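Each chain gets a letter, A, B, C and D, in the order it is written, and its residues are counted from 1.
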Amino acid sequence: MRSQMQKAINDVIFGTDTPAGKRFDLFLIYAILASVLVVILDTVMSLHDSYHRLFFLLEWFFTAIFTIEYALRIYSSPLRWQYIRSFYGIVDFVSILPSYLSLFFVGSSYLVVVRLLRVLRIFRVLKLVRYLNEANVLMRSMRQARRKILLFFCVVLVLTTIFGSLMYVIEGRENGFTSIPKSIYWAVITITTVGYGDITPQSALGQTLAAIMMLIGYSIIAVPTGIITAELAVEINRQREIRECKYCHAISHDADAVYCRKCGKKLPEQDDEAES
Amino acid sequence: MRSQMQKAINDVIFGTDTPAGKRFDLFLIYAILASVLVVILDTVMSLHDSYHRLFFLLEWFFTAIFTIEYALRIYSSPLRWQYIRSFYGIVDFVSILPSYLSLFFVGSSYLVVVRLLRVLRIFRVLKLVRYLNEANVLMRSMRQARRKILLFFCVVLVLTTIFGSLMYVIEGRENGFTSIPKSIYWAVITITTVGYGDITPQSALGQTLAAIMMLIGYSIIAVPTGIITAELAVEINRQREIRECKYCHAISHDADAVYCRKCGKKLPEQDDEAES
Amino acid sequence: MRSQMQKAINDVIFGTDTPAGKRFDLFLIYAILASVLVVILDTVMSLHDSYHRLFFLLEWFFTAIFTIEYALRIYSSPLRWQYIRSFYGIVDFVSILPSYLSLFFVGSSYLVVVRLLRVLRIFRVLKLVRYLNEANVLMRSMRQARRKILLFFCVVLVLTTIFGSLMYVIEGRENGFTSIPKSIYWAVITITTVGYGDITPQSALGQTLAAIMMLIGYSIIAVPTGIITAELAVEINRQREIRECKYCHAISHDADAVYCRKCGKKLPEQDDEAES
Amino acid sequence: MRSQMQKAINDVIFGTDTPAGKRFDLFLIYAILASVLVVILDTVMSLHDSYHRLFFLLEWFFTAIFTIEYALRIYSSPLRWQYIRSFYGIVDFVSILPSYLSLFFVGSSYLVVVRLLRVLRIFRVLKLVRYLNEANVLMRSMRQARRKILLFFCVVLVLTTIFGSLMYVIEGRENGFTSIPKSIYWAVITITTVGYGDITPQSALGQTLAAIMMLIGYSIIAVPTGIITAELAVEINRQREIRECKYCHAISHDADAVYCRKCGKKLPEQDDEAES
């Protein structure tokens, strides 16, 4: 049986409806952003030299807070293992890990930026229903598109490997294509149109092949865009059809419409479609 | 009570229907473009050396004109404070500010290019109704898409921060990733496919991570495109449905159609849907 | 009154239906491609050294052919001035001009590559109806989208001018931003995600501004894509609706469908919708 | 008449239904991936120095396996010539060729990465029906779009040739534009927004022209995206319409819907639409 205290803590930490719960969540978000900022600023040489001591203290201060919070979450959770193994449970744990690891491995403390993932809670916390709705539209389109995107990535991988190897044979070590993995790295840079220019073909044949690759990359960049756009269009249209007037049963209202476009009566409010 | 003079000035400066008002607006647009051109040309060394005196005089000449114009606008406006705090009121003020600031701060005079924002009035002035219509379609789509775009930017920011920090740990100071802010700058360059090449990963692990990032960036560049396209398609279709034949009530006419596609009678002209 | 000879020449040169006219057009296309190839290869140093004499002779040989052809076109055309001032008439003239200009101005001979524009005739000549159809779909979408694209370019121009000037003030001459025009050039490179890296911001503030610009560019690159996609979708759907079965009057057939999808009877062939 | 043995081998090698056939196909896929990995790793200097002997033996081991497999395929195939001249027959042959060629031509062994194309069989083998369906949607959209894409490429080629020649005249040899082919290479880099930065315009006129080219490239990059998106949207909608409820004949079900959205009864499963 859960103690009274566990329940009280649970209400504050996990609750999003009570004023105490809301205030706690807001405080947490500011603490997360502040702790990430501290780590980022500590890597800037000029600031590091002047304020390293302060940054060091602040980082351990935030780590202490998040450690206590994590312990309280485990303590107060009615379904402990379920929380620990949930997405947010793992993120919470990984967020405090780098600070402790930095005692043994230099450099690992910078990985506390994964704390940023915790901010994703902001949407759940602040009941930003509209944003959740939009996020859902995006997520559902992505889910519909995932197989096509995966297929597309397989094609890109095969293409970059074949083109990369060809360039390795054509250009060779002396022109910067020192190995096939490096040539594949170049092929990815070229096909995604990033184009650093740290490795570039020097021979006429290599430049011709590179130009062909760019034109191919130029067309296949259109494929993921096409996939996502087409799925988004379906999803947005469905979203419009979902909003039905209770009086005249007209559908196809915009996401931000308040009155029915046929009979002018008030539309039902959009439900809280948050993912639980 | 407003004097006769105030009313007369107001008609010329704010009016867009009278010949005098139109001529004034056109003169203003040319003056704005000329003043911006003068500032831009003055920064070109070879021209600066030969014509600096001329450019200097011209700039103060235009600044004088715009200052007088701004004063007249305030003087003649029936709702003074409303004008001063309106979007165009602020732009008008900011457009003359840099010239005066340049007396105290060297270099600030170049900021007079914000005057270009005043040219946006051209659309209102010249009653370019069709363009206004198109602009409205674009604006409304943008407004519908703004929350999804904002969500998308949050995701991009979190991604670039996490990837930037990872690269800082992997590549380190000696390979150009001198701080996490600089690594985030690199991550933005990479994920947007700009790819300057001023900072590039040198280690095998760093290059692998960069390649993965490019491929991710390659797919998520599709998301804002998809969002805007889907919203634009909805908006363009709606625009077509709005044009209804008065005789047979057929809809779905193209924006530039003149006759009804069903009964061949003349369609009503597109109304002046300008934003007031 | 036109002589018999004029009519005969006209049939061969302008005609596309007679075997002689077709053979002449095909010969012309090969001559154009060959003449452009000659000019291009002549600029490659190693080939220039060995074959310059040959290239020189070939170029004047092709120029002579095209000059005679142009003269014959004028001579045989029933509406001389109309031909001379038409799009293809001007292209025909401009195609032979650079060779003669090269007698006076060194370097101008390379401009004969504008002859390539003459190859656009290939579509008309070879009666590539399907391609003409597709080209028409593309052209009509472009025409529908032109005002939105123009608006978009105005916004991009204003943005690049303002951002370029800001960077000129922030980075200054010592970091490569030697004048506002050059800074605008950098802004265009950045906002279009080309990213040469010949000019890059060095200061922290400049890099932050550049990163913001990239993210803005990243979203607004979506706008022209969205516009063209939305217009193309409308046009492709209309194209499908145009193909109507003569027997059951079903519409919405694919562009390459041969049989009606409802009653299975043969569909009417796509008409020769060439632009006249 | 085919021997019993031929039939047995055929069942294992070409069969995808029997357990033996499936196991063989899976083994083959792992062998292909392993052999490609060996070739790739052998080009990395540090690994080459330590393990070259091992890599060499492994490569010939895999080549031996694939050679035997190819021989068995020819031996057991009922329609020998049809197999040899089929797409997969040619890929199978080309996959073993580079290893033997490497005995005569140094460097050709790296071309065994074309073996990756054999992995495309994975989709047929593993009966990944859903993926096949998605691939079909992509393929059909591509086929619908191929003529428009081809047209688009012609326009891009003409544009890059003309712009490249212009830049050759303007910038000249001393600024890196050493020949028209190289200038065309630069034009492709610029118009596809890759932007290596290995060749960049230095003169004011050249930079202005380059900026104009980028803005043009920026808009026409939208064209293939628009084409593919529009065709994909048509295809995805058709795919949804194909799924019809056997009970109430409602259509427009999502690709992953299991129950009818109107009457709630189970939908027919998606058929194995694999390309034979």
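The rule is short, and it goes like this: a residue touches a chain if its C-beta (ideal position, glycine included) is under 8 Å from a C-beta of that chain, and two chains touch if they have at least 3 such contacts.
Everything numeric in this text was worked out from a predicted model, so none of it was measured.
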Inset, instruction - Nearest 5 degrees is plenty: how much rotation brings the CA atoms of subunit C onto those of subunit D? - result: 90
Inset, instruction - Name the chain pair with more contacting C-beta pairs, choosing from A-C and B-C. - result: B-C
Legend entry - Copy pair subunit A, subunit D: interface residue numbering same or different (half cut): different
Inset, instruction - List the centre-to-centre spacing of subunit B and subunit C in whole Å, with centres computed as mean CA coordinates. - result: 29
Inset, instruction - Starting from the mean Cα coordinates of subunit A and subunit C, work out the distance between those two points in Å. - result: 41
Inset, instruction - Going through subunit D residue by residue, note those that touch at least 2 other chains and give them in order. - result: 181, 184, 193-197, 221, 225, 227, 229, 231, 233
Legend entry - Touching residues (chain side subunit A, partner subunit D) in the complex: 144, 147-148, 150-152, 158, 161-162, 165-166, 168-169, 178-181, 184, 190, 193-197, 200, 204, 207-208, 210-211, 214-215, 217-219, 221-223, 225-227, 229-231, 233-234
Legend entry - Complex interface listing, subunit D residues touching subunit B: 193-197, 225, 229
Inset, instruction - Give every residue of subunit C touching subunit D within the complex, in rising order. - result: 36, 39-40, 43-45, 107-108, 110-111, 113-114, 116-117, 119-120, 130-131, 134-135, 137-138, 141, 149, 153, 156, 181-182, 184-185, 188-189, 192-198, 221, 224-225, 227-229, 231-233, 236-237, 240, 254-256
